[in-house]
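Below you'll find the structures, each written out as structure tokens.
In what follows, chain A forms one complex with chain B and a second complex with chain C.
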Partner chain A sequence: MSVELERRGLPTAVISALPPVAQELGANRVVRGVKIPHPCGDPTLEPDADRALRLRIVRAALKSLTQPTSRPTIFDPA
Partner chain B sequence: MRIVHFLNQFYGRLGGEEAADTPVRVVDAPVGPGTRLQELLGQRADIVATIVCGDNVAAEEPSTFRDAVQRILQERLADVFVAGPAFNAGRYGLACGAACCVAAELGVPSVTALYPENPAASLYRRELVIVPTTATASGMQAALTRLADLAVRLGNGDALGPPWVYGYLPHGFRRVELREKTAADRALDMLAARLRGEPFQTEVPLPDVARVDPAPPIADLSTATLAVVTTSALVPKGNPDKLRQSYSTEWRSYSIAGLERLEPGAWESMHGGFDTSAANADPHQVVPLDVLRLLEGATFGRLHDRYFVTAGVGTAVSAAQRMGAEIAAELLSSGAQGVILTAT
Partner chain C sequence: MQLELASFPITHVTLGEATRLDGQHLSVSREQLMEAVANPAIAGVDLQVVHPGESARITQLSDVVEPRVKVAGTGDVFPGLLGPVVSVGSGRTHRLDGLAVMISGDVPWLGASGLFVPRNNFVDTSGPGADLSPHSGTVNLVLRLRFADGFSHDEYQRAVVVAGLRAARQLALATVGLTPADVTIRDLSVSQPALPRVAYAYQVQSQGVFMRTYLYGRMLDELLPTLVHPNELADGAVVAGGLGGGAVKLTTWLHQNNPLVDGMYSRHGAEWNFVGVILHRGHYYQYEDKQRVALQLARSAQLLRADGVAFSLGGGGNNITEVMLAIQECERLGIKTVLLAWEHGGPSGADYPLPFAVPEAAAMVSTGSMDEPLVLPAMDRVCGDSTIRVRPELGGVPIPVDGPLDLSNGYELFGGANPVGWQRTGCIEY
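== the complex of A and B ==
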């Protein structure tokens, strides 16, 4: 789906727990998520730490939308 | 071995678009690229006839075209039928495919050559032997060499081996065969070859997904409208629109306008492919609305009023492509400039 969104000019940050797979399938902006059932956080952490982790992941996603890339690229949360 | 060859009006030396209405005609000799094909065939086979037909006639009068091809193949006692190469020519490619199907109905083996993205290639690749070519005639020599070898092989009634050995487009199925080594041994051999940096041939090729050039980045994030798309199947509790749990062919969209958070109990994941307890206990694990609201108006402009959702389980690539295209159309018409897609 991300390929089709990008094809139509919409930069798309894919938050995925399997970044190499997303990259292999042609997703151009891949952000490293946590685990398949919870890519945007870690429910085993305390709520504040979980939210801080989520903030880092989403910031990485936002940053990837502003970055020029020429090929499928993995962006790591800071 | 008797070969009948098919060409369109251009390669048949009748002319370009102005000759595209030329009806089917036969020449009892190689023509155009057929001359080189005959050289490559050498003593192995003879091109006894060349069928030439205008692109428009083949496309607009399919039954006339088919009948003529059938009659000629029978009259000339063809052992093998060769069509093209048609490269990336649309009407020509379709004519090659249709003509090869006529040969198949007569029990005459056939082979054609097309650019893999020629629409005829996707239409006929499962049933016909198609040699992949370049988009333009620059790859003529390579295509004719492959065509000659495959035509002789087919004419001799020899079985075709795997596509990566014989150089035709994969038919998309696997043939059962006995191998000396077990699957475990073969897998380890491949792994060892890969570690040594040597070439190896996978037995389970991944689907070939078309690459696209990355979309240009957002120049000014602070004014951009962003949307969330998710394959996590997060829907309002009770799944009011009956989103399927797996093998998705459809997506839904739900309003998040004015919502600061996704409350547990109000939303649930219908995803049939992972343990949804974490997502149900805190939907932000799959749709990070809480932190997006925090960053909205500061780091980026605003969040789209709706999010878009499907269940990414066993979804066919073609269905995913269609859904992606449909969601993109929706987003573009409502002013979105970028997407955060959470994949589970």
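== the complex of A and C ==
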């Protein structure tokens, strides 16, 4: 989906638990997620820590959208 | 470690008063079998025999087991599940060659969702479907279980696993004291130093209930790569955990009769030296865990002084990642690799064949596509429920199987895309 959206000029960021897999399939911006069952957070953490982690991941995804990339690139949440 | 694998071919099975072997005919006592599989989670058992070539569709299978029993050497078959944890793989083991115990039944759904649900499937024993499954060519003794209410999925799963193993061992006892038709000696200790050394990286699936594999009775959910002697496989040290899949399911029967193990043994000391099996699981949820599997697998191969490693897949999905990373790591260490794999590829076969690959994976053997549509004729007899439940991700969609089938893929055909390459299908480039 991200490849098709990018082809139509829409920047995309894919939050993935398996970044090299997303990269190999051609996703332009890949944001490192947590685990396959919960890429965007970690339910084993305390709620406040989970919320902070979710914010970091989503912010990294939004920030990556502002950065031009010429090839599939992995972004790490700060 | 030397194992004598003694075969007693079976071509005909009937239900009778006592369990006894007469030439290639096995008579089976219902009472003895019922006694062997008794379990509070099982309310009843229906027994049916399906011979190869019969027009029959067997539904809702959870496992298939070849009857075996040890008659000499330490331990007994299926250690850690049927008996104590004692080393197996040496001495003498009797097998009923051509007979399979099939455990089937409609395991209660219990409102489960997601991956860990009791999945349904089927096997055809004649017609085009029969060519696709390793479980159509045996005489199949089908134990159809009816389940008692009030148990958990873990308890039902344990019940189906143990029922299959106990029934299989009970039947094989009929061979004790008899002379086998054939004895194969399995011994890795005699090798030729000049020949290349090859290992087998055997991936299994063990993620949770219904998607589980056991080693000496231990669930492998947290397994890192570990060394196993192929003779231990022959004696049932590795057991499938029941249900959890159709086409890509590795049954206990396939662990006992893995064609890659048989093939590597067949030219051991002649074309290569078979140096052992590295058992590992895929489907780890975190990329770093997949890397840990890859590093440890490659290191194990290096410590075995392997020149080459053959890989196969355990199940389908993201487990390809562990295998691909391990291939990359082996090649970096100078160890050559080959992968045996089914393909996706979509209905026409032209789509991505595998979800992930690395450039180092340059030698692969395709065992065929499971995405191809499947059109099958009606069978004269349905052994099991005439409706099966598919699409677990939608909460289970019932489809009737007592008529002709027109399926958009082969996912429910039991063993139809088994990852160890038993099936007769393959791919060619043209």
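Please note the rule applied: the second predicted complex is superposed on the first by the 78 of 78 C-alpha atoms of A that agree within 3 Å, B and C clash if a C-alpha of one lies under 4 Å from a C-alpha of the other, contacts with A are read in each partner's own complex, and residues count from 1 in each chain.
Just so we're on the same page, a residue touches a chain if its C-beta (ideal position, glycine included) is under 8 Å from a C-beta of that chain, and two chains touch if they have at least 3 such contacts.
Everything numeric here is computed off the predicted structure, so don't read it as measured data.
Using the contact criterion defined above for the overlaid structures, shared-chain residue A:I36 touches chain B and also reaches chain C. Look at A:E46: by the touch rule set out above, it reaches neither chain B nor chain C. Once the two complexes are laid over each other on the shared chain, residue contacts for A:L65 go to chain B alone; chain C is not touched. Counting the residues of chain A that each partner touches, chain B and chain C differ, and the larger count belongs to B. Within the superposed three-chain model, A:E24 lies in touch with chain B and with chain C [touch as defined at top]. Once the two complexes are overlaid on chain A, the chain A residues touched by chain B in the first and by chain C in the second are 17-18, 24-25, 36-37. Residue ranges of chain C in contact with chain A, taken from their complex: 285-287, 290, 318, 321, 352, 355-357. Looking at the complex, you find that chain A touches chain C at residues 17-21, 24-25, 34-37. Taken together, the chain B residues at the contact with chain A in this complex read 206, 209-219, 221, 224, 226, 229, 231-232, 274-279, 281-282, 284-288, 290-292, 294-295, 299-300, 310, 320-321, 323-325, 327-329, 331-332, 336-344. For chain A in complex with chain B, the touching residues are 1-18, 22, 24-26, 28-29, 33, 36-41, 43, 50-51, 54-55, 57-59, 61-62, 65-72.
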